[in-house]
Structures are given as structure tokens and as C-alpha cells.
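Below are two complexes that have chain A in common, paired first with chain B and then with chain C.
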Partner chain A sequence: MSEPFEPKITAFVCTYCTYAGADLAGTSRLKYAPNVRIIRLPCTGRISPMFILKALQKGADGILISGCHPGDCHFTHGNYHARRRWMVFRALLSFTGIPEERIKYSWISAAEGLKFADLINNITEDIRKLGPFDQYHKLIEETQAQASL
Partner chain B sequence: MSKIGVFICHCGENIAAKVDCTRLASALGDHPGVASSIEYKYFCSDPGQESVKKAIRDNNLTGVVVAACSPRMHEATFRKACAEAGLNPYMCEIANIREQCSWVHNDGEKATDKAIDIVRSMVEKVKRNNTLQPIEVPVTRRALVIGGGIAGIQAALDIANAGQEVVLVEREPSLGGHMAQLSETFPTLDCSQCIMTPRMVEAAQHPKIRLLTYAEIESVDGYIGNFQVKVRLKARYVNKSTCTGCGECITKCPSKKIASEFDCGIGRRTAIYTPFAQAVPNIPVIDKNNCTYFKNGKCKICVKSCPLDCIDFEMQDEFEDLEIGAIVVATGFQVQNNALYGEYGYGKYQDVINGLQFERLASASGPTAGKIQRPSDGKEPETVVFIQCAGSRDPSKGVKYCSKICCMYTAKHAMLYAHKVHGGKSRIFYMDIRAAGKGYDEFTRRAIEEDEAGYLRGRVSKVWLENGKLMVRGVDTLLGKPVEIAADMVVLATAMIAQPDAKEFAKTIGIGYDEYGFFNEAHLKLRPVESSTAGIYLAGACQSPKDIPDSVAQASASAAKVLALFSKEKLEREPVIAVNNESTCAGCWGCVLACPYDAIEKKDIKDRSGKVIKRVASVNPGLCQGCGTCVTFCRSNSIDLAGFTEKQIFAEVMGL
Partner chain C sequence: MSIEQQYRTRAKELLSAGEVKMVIGYGAGTTAERRRPIFITSPDETERLVLDSACIANLSGYLVTEGLLSDEKRVAVFLRPEGIRALNVLAAEAQLDPLQVVIIGFDLPKGELKSLQGSSVDDFTDLLGALKESTPDVDGRELLEKIEKMSPEERFAFWQEEFSKCIKCYACRQACPMCYCRRCIVDSNQPQWVNTSSHTLGNFEWNIVRAFHLSGRCVECGNCDRACPVNIPLRLINRKMAQEVLDSFNHFAGTSKTQEPVLASFKKDDSETFIL
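Here is the complex of A and B:
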């Protein structure tokens, strides 16, 4: 029997809320799936859609974007910018054939360590069900194969 | 070529118990660009930091990654150590392998794999770090306090007593705010005016305080340490430099029946007036809307009566520009309009009044000189019903929150009533008695036990007039029975709400506000007196409903923040700010729209003859807070965020 598929998840989080929430999960010694890698940014407003594409290209099977709750942004409204950007971006993702479900958007405050741990567990299971994200690499292989014809 | 040092901390057993630090160190040792990869039990300890410094010097390291606890714990520690070893502190990054790895995973093998990813990603970032210098901005040592109630006065006095200049701005003709309107204060029953007016005089006479009453804030520009504030000095129509406050004009003014704002409509005032006898400054203003001269072009009795020729009907509003280093916002609250509750008959029956009106009735300086007389016919009420939570804790009609002070002031009202009207009966409808505070519960107990305040747990459904009595129908939920009380007066414990113009004001000065219009603090628990905008602090009930001790405490706390800011000539800030490449910037102004701080300005690029050849975005380093929202907006990739550049983050992602 083959080993169960372990998805790679890249998380882009803001330092003020979700990063602190992840730290709280640690100080509370909560346990969650070891599949997530966190990239710390000052604010979700800083998260460019290019980061997401880059992470998918590098081999991530799922992406998490998480910041402060609406109204709680340390920078007053960076998270609103991020939300609007994501609404537009996900339409583009669907159009290009990348399933939206691979990218999760959430609000986690500095006080929500438990929510962070639960979220990571849930997203890991969800992505595990979706299977590896290999469309991108398949596409490259196909393109290269066509080019060599 | 990068020479990165990787320092893997065991944190005792905290990391080493789960993460195989030796495997981690050897995996990173083989990573391109890593010159040294060592592990140690506690890198944050003194010998640990020394070994980091030694490694920097011995290997001429160009960057440092400390794999340890969260950067929120020890980033500052290790950056300082780097600086001491001659390495730019911003060439040091922390890889969080404790809070976000060893503490949260059970499987040691997988935790180690994850730790390798985390550290490798950070190494890739550090390779692309740039040396940065902290930003220095000058500080104007002059504070602006907005609002002349107890909170504003306290903040102004604390700052001024520490030797710093203060401009205290109040929009009403006199200092005092709501506290000056109160009769006695809980839980000591000392007279509000007796403790308030000396403070008002002290503030007005303080050599370091400049008092601007009858003035409003027009605009606030600039940033921490360097605000430019425009103040509108409203026309008083009385020359304040010559007026002595003799009051002749007030006595002679023929328009005497104007409802007094200070007395909450129970008392009357003239068209030229001071809000109350102890006003500071004691200089009258003319109420343009009610003045006979302004309405009909005839009268001028005040001009004739003034012995010093102070009245000037031609006076115009004036503007003044102020250079300010820090701002304390203490703009206070208002009471909710009780007409919302038609069933209580407020506005319909004269003898249904709100708590603040009761304060004026009970106050020795009030319209009845402290006698409890009902407004309709001046009779002494034999029974008074108090209704608590008239607006508070009522999501359907009022506000969701608890106004915090009403339980206490209703108990106080019942006591004052008992002291002033012997044999008078007070009945209080309440939901809960919330008396948390020093001496507060004892106070409400005293009202019940000594002054026979009759508490009924329940709500009132209706108040109506019958045979000259106000009939109050409610329910006593402890008995489970409806009750009907014939009262002579009904007092509503009205909700404290934000000032009517709080939201516009917040936008004018650039701070956040909540759904109710109360101003937002930077952090509810840990930064309760700072607004989200650097250099602007909050005091008193403009942030949330508060009693006097809390308002005073917060005012002193914000004064301490201001003084800490003024303790330095220059301000040092983290250099995490946006930087624009002017040669590629196309001037689309996407960043200007995105910036929450108005930190991006349009700058003209001129040729030698002074002709404008291009307009580009320019980031004001004093205003920029480093969120990076503009970077993501930038179409031409011109703007970037120091410390979190595009290159750094892409490298981090690729390093995973």
C-alpha cells in the first residue's frame, strides 16, 4: 500500500493577527498537521496574487491566505484590499482551470490559536482529498512535448 | 557571494525534543550560501549571543538566520547582537521553529522536515536582505488636546506639568464638559463643581497651556511628531482681550427664554451668555440664532450696557495654524435621545426626564438651585420612578453595549432624592446592578439599605398620564408579577453614545472608529490609549462609555504616552516602509488610492529649466506605516516594501 498523500500548503499571513494566532497555537501547545509552511508579511494587503502563483509553481498543493478580521486590520484596511483582490483573483483562477478550493481565505485574530489549529487540520484534509496539484507541471510537460514535435 | 550564518537554538528541550537539531544543522550547512551552521542550547543567553557575534566576526557573515522562537520574542535581541558585531541589524532574520513547529507537531520526523523548510526559506530571504537604517523624524514638542472636559483637562495638565507646551481646544464657550453639569459624583457624593472648577481654573492659568475655547478642529495633516492642525476660532462677538466678565450684558439681554444647553433644556439662558456661572473663561458669547440684533437688525442693548465696548457684531471666524507633535483626543460623549422610547413618554410628558436633566435639578447651580422640583409645575415629587437601561443593552431600539455608569448614577440619584426630599419614595427598575469599581457595590448597597431605594428587577412597558400622575407599568420578574406605580416624576437612565459628529471628526483627524462611533484603540488590551494612527492618543468617553475615574486614568495614561514621545528630539522608527523607484513609476496613482495613511504624494520631476517632465509617486517616510498594500497595487513594479521586498518574498516561497 502506498503512503497517504501529504499535501504541501503554503500560508501567507499577516504578522499582526494570524501570525500571532499561530504563535498562540504554539504557546497553547495545540497540535495540528505539519503540512503548512508560513510566510510572514506585514499585512494581507501586501499579498500579491503572484505569490500564490509562485507557490503553486514551486509545488504547493494548497494555499492559505489569512489576516485580521474585518475592521481589525492594524493598518486600518489592508485586509479589505486583500479581500477585494482575492474576489477578482479567484475568478481568474477558475478561468485558468485552477480549482478555487485549493486556495483558502480566512480571518484569524491573534487570540484565535484554536481556530488556527483547526483551520490547518481542515485545510490539510480538504487538500488531501483534492490530491496533488500537478496541473501546472503537466501543462508545462505538454507544452514542452508539443514544442519538441 | 552571501555568507549566511545559521544558528539553531535548542531552547532547552522546547525545540530539541521534537526537532532533530543536528540533522537540521547539517542540512542547512550544505545549503548554498551558508557559511556556518551551528546549534546551541540557548542562543538568547549571554554566551549564546556571544557565540553569534563571534561567528559573525570570524566568518565575515553577510547575514544571520536564528532558528528559534517566534520573532515576536527575540528578533530585537538578535538584531542588537548583530549590530554589536558590526553587522547591519536588518540582515538578521528569525526562523520560527518553536511556536510554529516543535510545539505544535507530535511527529519528530515531520517536524524536522518542516523546520528544514522554514530555515531554508528564511536563508533564501536573508540572502536578499538589504542593509537598512532606522528612520529618524523630528518631533515638535507641543501637544494638542481636543476636548475640555475632565479627560482633556487632566491630559493637558499632566503634559503641561511635565514642562511641555499644550494647546487645549474646546468647542463650547467654556471648559467643563459633562462633569461640570453633574450635581454630586458617585461613590463619594462629593460635589462635582467643587472638584471640577479648580481644575478648569488651573488649566486656564497654566503658563504652559494655551486655551482655545469656542474653537473647532478644521483639519489635521502630517504625521507623528509633525502634525499641522488648522483650528477655527468661532466668532464670540465679544472681544475676549478686553472683556472682564462683569456680566452686565447678560443681565440686560432681553431674549431671556432660550433653553439652556448646559441645563439640558430645564433652565433658561439669554442670547448673550456664558453656559454657567463658573465658566472658564468667563467671557460671554452671542448665540447668533437667538440674538434679536442678528434676527431683526435692532436691539444692541448689550452694546449699550457694556462698560468696556467689548461687543463687536462684525466679528468673523478666525483660523489658526498650529504645529503639533502629538494629539490627545478627549471629545467625550452625548446622551441618547430618549424620544426613541415613545412608550416612556419622553418629550410628551414634561416630568419624564433623563439622568442628565436630573443632575441639573439636583445641582446647587441648577435652575432650581438644587431643589428637586418637577419641571411641569415645580412641585416636589413624592414618588420618583427610575428606569435603568433606557437605551443601553437594547439591540432593538437602543445600543447593544452597557453604558457602564447608569447603575451607579441611578443609585446616586435615588440617594440625592432621599436626602433632599424626606419621605420621598424612589423605585428603580433595573436589569442587573452592575457596580464593579472601587467602593461602587458598597454605594449601591447604601442606596438600598440606608436610603431605601426600592429596586425592582424588570422592565417598564409603558408610562402614561392619569389624574395628574405618571402611571408606570412594568414587571417585577423576581416576584413574577406585573406592577403599576403612580409616580410624580420618571427619570430615564439614558445610554451614553458617541458625539453626533464623531465619525466625521474621526475622518478629519484620521483615526478609526467602531460601529457606534466610538474611537478605536490600537489594541483593546495592550494599547488601550493609543489610536491606530501613530501620535494620536485617546482619553475618556470618546473611546467607550466611562466614568470619571476611568476617564482621568486614561487621560493620564495618554499624557504619559505623549511625554514619552516628547522625551526625545528625534523619533526612531523601523525602516519597514515603501520605497518608490521614480525612474519606472508611471504616475498611475494606484498606490495613492491604496494607501491608508495618505503617505504617498505626487512629486514633480523637473528638467534643468524647471519644466515639469513627469509626475511620480513619492513616499513620505514619516507617514508610511509599512503595510505594503501599495506594492501589490503597483502596475509597474516600481514601489517596494523595505524588509519585505518582492525579491525577498519570492525567494522565501522558492526556498520552501
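Here is the complex of A and C:
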């Protein structure tokens, strides 16, 4: 008897908008899938592509990156910089074979608790359908294999 | 007088007039078809300079050698258009003062040696502008198109196969004029973002990081590709990323010495079709 697959999703969010949005979802008693691990950062501009690689390296099946809507950034333009970076990084990941569907991007403001809850539910369902990221997990297993002499 | 002879004379004049303290050019290599960089500081040595269709390496990376330009004296360097673009990128990123560099320009269209007029980066603005419009004739275009048509799983498998050859020698980093960081991110271990072991995951991560750091900066000189001892088609990834920034942001790296780096700037109306 095998357990049903529960996707692991890592969310990198900015503290001023999406994290506050997630907070609102909580205080509004909205229920959403428990598969997401939220990592709070000062700004989307702080979300380095290294974080995405690290999340994959630690076995994430899906990744969400979310921050303030354009124009709403607490630091005025952190999210504009981030947007460009994602555009390029997304193309690079796609070219090297990381499916685009596994890495999602969104703008969620502090007032959009409902959007946050819905998004998490949808992403969890999408990733559940895709199944575990076996191709990458196999690489991780290789790194843990004992060295043979 | 052959172009080689003309350029030797020019190098000699520059050195004897004291206009430059060093000429970075090509000399004979270990085999007949190879050239190696030589660093000439006296006019008598200029006879050692070689210029022919085998001079393909991009020498601009030597300009950011620590301390070379810190005495504010000038240095002359043999550069192809890609090299001049690289020089512009380095100048735009404040790594050197382009006024300290005297360019001895040449090109090798279809292996035919051709001289380029001008000596400072600004003299080549039109030439570089025209490059942006032209469709580059890169080796491996077919392979690139083939990869683009694959499914993500196939692409993943393709690159795993390629990256599995990687021995983490970092020759690609060493050869690249754009990889000038004193401390590369893979050398940092607190935190350690990238696996440094040469297993497939570590190789994959390293190559992703390398390609990302070159996005919008790579001038496609091919130094990394030629330096790779196991022949990973590194150029394909760089080509793909260059195309991506051109399509998305109309950015062609190294067209001027004051060009804003593409990932350090933004427009309010940048495309965001992928954001939910």
C-alpha cells in the first residue's frame, strides 16, 4: 500500500505583499493546501535564482515565487528587477529541461488573501497531476550514493 | 604590405612612442594551427606577433588582470568585433576605463583576415550596431533548433548527458572575459549554493549558474566552448540566452561603453505574460 503523492512546494514570497496576503488568508480562516512551505524575504528583488536551485536540490516538486504587483513595491522597484531576472532565468531553466509548469510566478498584494489561498490550491493540484519531479530526484539520489572504490 | 606586417609596424610604433606600455596579441602556438596570447612590452619583440585566420581567441579578458591598468597607462590589444563588444561590456560594468585601451581591430569573416579601422571603442559603434541586426551564423544552429523542439524531459536528458561529462575544471570560467569576479559563487561555501562535487547534480547546477551569470552579457566569442576539455556545447546555452534577452528586452550585449546591463535595469512595461 503506497501513500498518495503529496507535492512539496516551496514558496518564496516578499514580506510586504504576498506574505501579508498569506497572513490575511490565515486571519480570514481560509483553508488552503498544506503542501506549501513559505519562505519570507524582504522583497522579490532579494529572491536569487540560487534559491530556486537550492529548493530543487532539496527535493521540491514545485516552486512559487510571489511578490507585490508592479508599482506597489515597498522599495519602489525591486519587483521590476525581479521580473526581468525571472524572465531570463525561466527561459534558461526551460532550455535545460526543468518544466515551466513546476515554477510559478505571481503578484499577490496584502489584500488578496483569497487569491493566495486559491493559487496555492491550484498549484498544489497542478503539481499533484505532474507527479513528483523524478528526473531531478534521481540526480539528488546520485549525490547521496556511497562512493564505490 | 600584409595586414600582419602593418599591424606589427603599428604595434612597434605604439610601443616606441610610449603610447602604450604593452601590446597583447597573438604569437605562434605549440602546433602550427594554434596561436597563443603574447604580452609584448618592448618594440623589438613585435616581430613575434602573428595575425592570421587561426587567431580566434578573445583576448579582452586579459585586460582585467589585476593591476594591469591601475597605473593609468595604456595597453593595446588585438580584438575581433566580439572582443570589442566584450570590452564595451567590461567598461559598462566599470571594470576598466576604455580610454586606457588601444584597439587593434581585425575580423575573420569566413576565415578571411580583414583589418578594422579605429582604435577606441567609440570608433566601432556603427560596426557593432550592424552586428545586432545581422543573424549570427553560429555553429550548431541545427542542434539548437533540435533542442528547442524537444519535450522538457528530452531536453533534461540531453543536458544531463552533456553535463555528465563535465569535470568541473572551470576552464570555461577561466577563459571567459566576463567571468572576472574575484570570488565566484561556486567558491563561496557559506552558504554553499552550488554542489562543488563533480556529480551530475553539481555539474548541472554549475552550468546553470554560469549560463545565468552570462545572460545578457555574453558576446559569444566562443572562448568557453574552445576551452572546454570535454566539449560540452556551452555556446548553445549562451546563444539561447543571448537570443532570449534580444527578443524580450531588445538588448544586444556590448554595443556601447555606457550600455546599461540588462539584468541591472528594467522598464515598467517589460513583458510579464508568465506571471499569474
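Following the convention adopted for this analysis, the second predicted complex is superposed on the first by the 135 of 149 C-alpha atoms of A that agree within 3 Å, B and C clash if a C-alpha of one lies under 4 Å from a C-alpha of the other, contacts with A are read in each partner's own complex, and residues count from 1 in each chain.
We take it that a residue touches a chain if its C-beta (ideal position, glycine included) is under 8 Å from a C-beta of that chain, and two chains touch if they have at least 3 such contacts.
Please read all numbers here as calculations on a predicted model, not as lab measurements.
In the superposed arrangement, which partner chain does A:I9 touch: chain B (first), chain C (second), both, or neither?
In the superposition, A:I9 contacts neither chain B nor chain C.
Please indicate which partner A:R85 is in contact with in the superposed arrangement: first for chain B, second for chain C, both, or neither.
both
Name the contact category of A:Q135: first (chain B only), second (chain C only), both, or neither.
In the superposition, A:Q135 contacts chain C only.
Under the stated touch criterion, which partner chain does A:K54 make contact with: chain B (first), chain C (second), both, or neither?
In the superposed model, A:K54 contacts both chain B and chain C.
Tell me the contact category for A:T96 with respect to chain B and chain C: first, second, both or neither.
After superposition on chain A, A:T96 lies in contact with chain C alone.
Once chain A of both complexes is superposed, is A:I63 in touch with chain B (first), chain C (second), both, or neither?
neither
Report for A:H77: first if it touches chain B alone, second if chain C alone, otherwise both or neither.
In the superposed model, A:H77 contacts both chain B and chain C.
Which holds for A:I127: it touches chain B only (first), chain C only (second), both, or neither?
So A:I127 meets neither chain B nor chain C here.
Could you tell me if A:L30 is touching chain B, chain C, both of them or neither one (first, second, both, neither)?
first
Do chain B and chain C land on any of the same chain A residues, and which?
After superposing on chain A, chain A residues 50, 54, 71, 77, 81, 85 contact both chain B and chain C.
Applying the document's contact rule, which stretches of chain A touch chain C when the two form their complex?
49-50, 53-54, 57, 70-71, 77, 80-81, 83-100, 104-107, 119, 135, 139-140, 142-143
Taking the touch rule as given, give the residues of chain A at its contact with chain B in the complex, in rising order.
8, 10, 19-20, 22-23, 25-27, 29-32, 34, 37-43, 45-48, 50-51, 54-55, 58, 60, 71, 74-78, 81, 85, 117
Where on chain C does chain A make contact in their complex?
147-148, 152-160, 185, 193-195, 197, 199-202, 204-205, 207-209, 211-212, 215-216, 237, 240-241, 244-245, 248-249, 262-268, 270-272, 274-276
Please output the residues of chain B touching chain A within their complex, sorted ascending.
70-72, 96, 98-101, 103-107, 110-111, 113-114, 117-118, 121, 512, 514, 522, 532, 576, 594, 596-597, 625-629, 631-633, 641, 644, 646, 649-650, 652-654, 656
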